[in-house]
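Two complexes, one shared chain (chain A), two partners (chain B, chain C).
And then the complex of A and B:
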């Protein structure tokens, strides 16, 4: 009976097992510490760099914080840096993109998860995944070549002239396309996770497929779909490369006219970054802080809304 | 006495596999009919034929006739959505929607296009009363149904079915996920409900079948071995296999 499990157990082995368990605990902790401190380091670095221009004794001349935060003009040639209108522009373009993309994404997700025949559904899923993996600079080239032309043509229908099509509308369209795969794939996952019995319950009550999809499936998947929207919005806020290619970098604002050029926080940070020094360079870190704050606050608000409209139970 | 269902030569196949074999039976109106038999013998499959939930299963093929009120439910002219308003269903696992208690019950009527808040309120209250749930939930109709106990959830599902004022209510082992107290509440409810509805209930409990039903059909391997009044089935079964099953010497 030497081979029986009972004889295999002994104090020595147990000790070893506990040691390994402990070692792994430290390993996990170390991994968490590493990634955590990376984030902390980045934030800290940007905070320190970004605050510099507003401190007395700043070597290029102290900036006024209020003028920076609420200013409506951004001109490096005159050393006027007001980020207020850019914040509004950023909010408009990101939420505009979300507003446009969200319904289309959710309906596409519903189609993929519930309506399309199996083969078509698999094909569409692949397409959505591919869209998500296209680098943003490629989207940017596409926007600069195609979306801009479309906007120009649209504007000409109303007899409006544009800056070669670079405009708020172009930014919104571009961002809407870019966040579409993010929201769609999250929504597909959420919809697929809905208990099939709920659907059967609805159909058994004489609801049609469409009624079931909208009233039960989407409603049950609500919180997952909402999480997708928050993720998409984050992407819209943070996208720099592609946006810079069609925004037009307006010097003042805010921009409410769809056919007018605009300027976002990211495009401001990126524009001419490599060719500049001094205050004009440092101030980009301050913009970075503002961008982080905007994203943080938006996420907090949306999460609060999510809790409110979230699922029963 | 009138019949609510007349089934003729019903055969059902899942792909190549035959799950129901030439069933012929009538189900009496305003009675409780119990379907018993070992698991995998086709009770749920048969139940799903009656409101055409099998239509949703890929590769499922049906032959034969199922008549309700003189119409074949598998006739191409029959509207499935309309059929399901006449034939309600309660599932094995309680499946309330993630909405308020009120909205759960109002769901069916709303899907029929009823929007008037007053009418909906009346329907919801009546249905909850009929399902013996109103007393327990009247002060929290607008709270989530997910907060109810399992037994309450199942009665809510019954209320939800009743709200459609169906002819028949199908129940597939409605108490198998419930504790004994919740089970006996549902059994009392069934007793009450049969005054207004015909009920067909699948159960694996012999006691439940004998307690609640008027008629019993014994299924075995996709066939009906014997169908009769519950009293006859439990006291003088004609078939040896029925006797073996109900006395527990089997399956």
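And then the complex of A and C:
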């Protein structure tokens, strides 16, 4: 009977195993490099294309950068390109959607994770996942057919005439529905990760279930829920197809009236993209840079806020 | 005391709100048209649209569109949006299904838009899609010249070509069509393999949709020739086949313009062939509920779309 496995160690075999291991390590590294370089390539390409219109010697006539960044009118037919008001409109619609969707999402997540019976909870999670997987164009069709009618009816209650319902409010409602599954599923994960002992402790101290849910569970899951909000906001910023179907694409701005039409950065980039050439085509890359900057800055701010509220208190 | 005042005030506000809306409804029911005092909602396509270009030209207000306009993304989108907005006005191509979208086409200068009125020229909101070729003998090769002639015959005279163009939005007189099978007899070039020949087109971007459809339909009928489309604008149509750039890097075999060629600057008499292959017509539309307006003059179109008139009551 063998007492040791040592003699079975085959140096040749071992070497081969190590080689394969090493090869796989490089394979993984290559995959990471490939996906990483994609981002780099995209950013570089858009930067290079987008900066061109503002450089001297641009073949369709140099654009004024300040006028572009702070302009309050976007009219291709008069060659006036100002994204200032569009940035404001985009921020309003995205944060408006977040404001509307966030409380509902968090409460839904709480229900799914803590309150609902197991079967109902499983069913609801599936519903949320399904919502997340619906293509944005379907949301757009729904919004163009239903949400605008709702908005039109709402406006008529106040005696306001709208452009067939296309309005800032319609955009906000649409985006709120679209980012709801993103925030909810992140919040569910965060809430489920909360240590059960904490809850038991709270209950043992005499707190009610509701008190525990709000004051202990939500507080501990804060960081994760906030991450969900950031992801949701990213989706709200980036949505183009559905938004452009209900925004109305106003030529000047900014829009603060809920029933007035609006224009977002993404819908601006999309409008007529396939049919256009020259400056009108190139300038869309510049809008892309602005959009990326807006998303980056708001993410940085939100992350800073998250750090602040997430760790203390 | 304070509480009472607040309560009373809010009750008053509520009442005012209710009476306001019910008043509106009555108004709508009795007149059956949307409130004639309502503001006009102007709809427009984005500026890269050929339909917009044609419409603004016909209305004589190029680049002067009101800033209050609502921008839509396509012909169908325009019809849908105006179809849901009682106070909306917009424009679409003639091939649009008006009834299905709940919109009414308006007469222009008293003439009803239809295929017949477009073809006889009485409906003025239209423009021709014209073409011109290089001069006879100025093509790269004899085969190419024959192929161009065959394609133009297909585009202008064949039933199949007309159908393709019509499907892509152009207005053609189909009664003049001849089956391609018969026409093909005059073009022996079509029966040989032409995959080494590349036809180049230039000129108007508006013709792109109809032209591309026709070229693609013609490819299998004529020995699978190749084609490149370099559509940059009507101004280049003549220039790149007969004018200053005819031997340059961007030279082409057929040039297109979404207008007539200008007799003084663009002399097409030397070309192997030139003509009009279809007509592009634009129709002003309003919501089907808007029965107050049935006809617009060019001046009215201009003042509505430049924002001079903002109220339906002022259109009469």
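A few remarks follow.
One rule holds for everything that comes next: the second predicted complex is superposed on the first by the 305 of 313 C-alpha atoms of A that agree within 3 Å, B and C clash if a C-alpha of one lies under 4 Å from a C-alpha of the other, contacts with A are read in each partner's own complex, and residues count from 1 in each chain.
Here is the rule we go by: a contact is a pair of C-beta atoms (placed from the backbone, for glycine too) under 8 Å apart; a residue touches a chain by one contact, two chains touch by 3 or more.
Owing to the predicted nature of the structure, the values given are computational and were not obtained by experimental measurement.
Within the superposed three-chain model, A:250 lies in touch with chain C and out of touch with chain B [touch as defined at top]. By the touch criterion defined above, A:156 lies against chain C but remains apart from chain B after alignment on the C-alpha atoms of chain A. Shared-chain residue A:32: touches no atom of chain B or chain C. Residue contacts after overlaying the shared chain place A:23 against neither chain B nor chain C. By the touch criterion defined above, A:195 lies against chain B but remains apart from chain C after alignment on the C-alpha atoms of chain A.
Within the superposed three-chain model, A:164 lies in touch with chain C and out of touch with chain B [touch as defined at top].
Legend: residue contacts after superposition of the two complexes on their common chain; A:207 is shown touching chain B, with no touch to chain C.
For chain A, the partner that touches more of its residues is C, with chain B and chain C as the two candidates. No residue of chain A contacts both chain B in one complex and chain C in the other.
Partner chain A is touched in their complex by these residues of chain C: 17, 20-21, 24, 38-39, 41, 43, 45-50, 56, 62-63, 65, 67-73, 77, 80-82, 84-85, 87-88, 205, 232. If you check the complex, the residues on chain A that touch chain B are 195, 197-198, 200-208, 211, 215-216, 219-220, 311-313. Those residues of chain A whose C-beta lies close enough to touch chain C in the complex are 73, 75-78, 144, 148-149, 152, 156-159, 161, 163-166, 244-245, 248-252, 261, 263, 270-272, 275-277, 280.
If you check the complex, the residues on chain B that touch chain A are 51, 53, 56, 81-82, 84-85, 88-89, 91, 93, 95-100, 107-108, 110-112, 143-147, 157, 160-161, 164.
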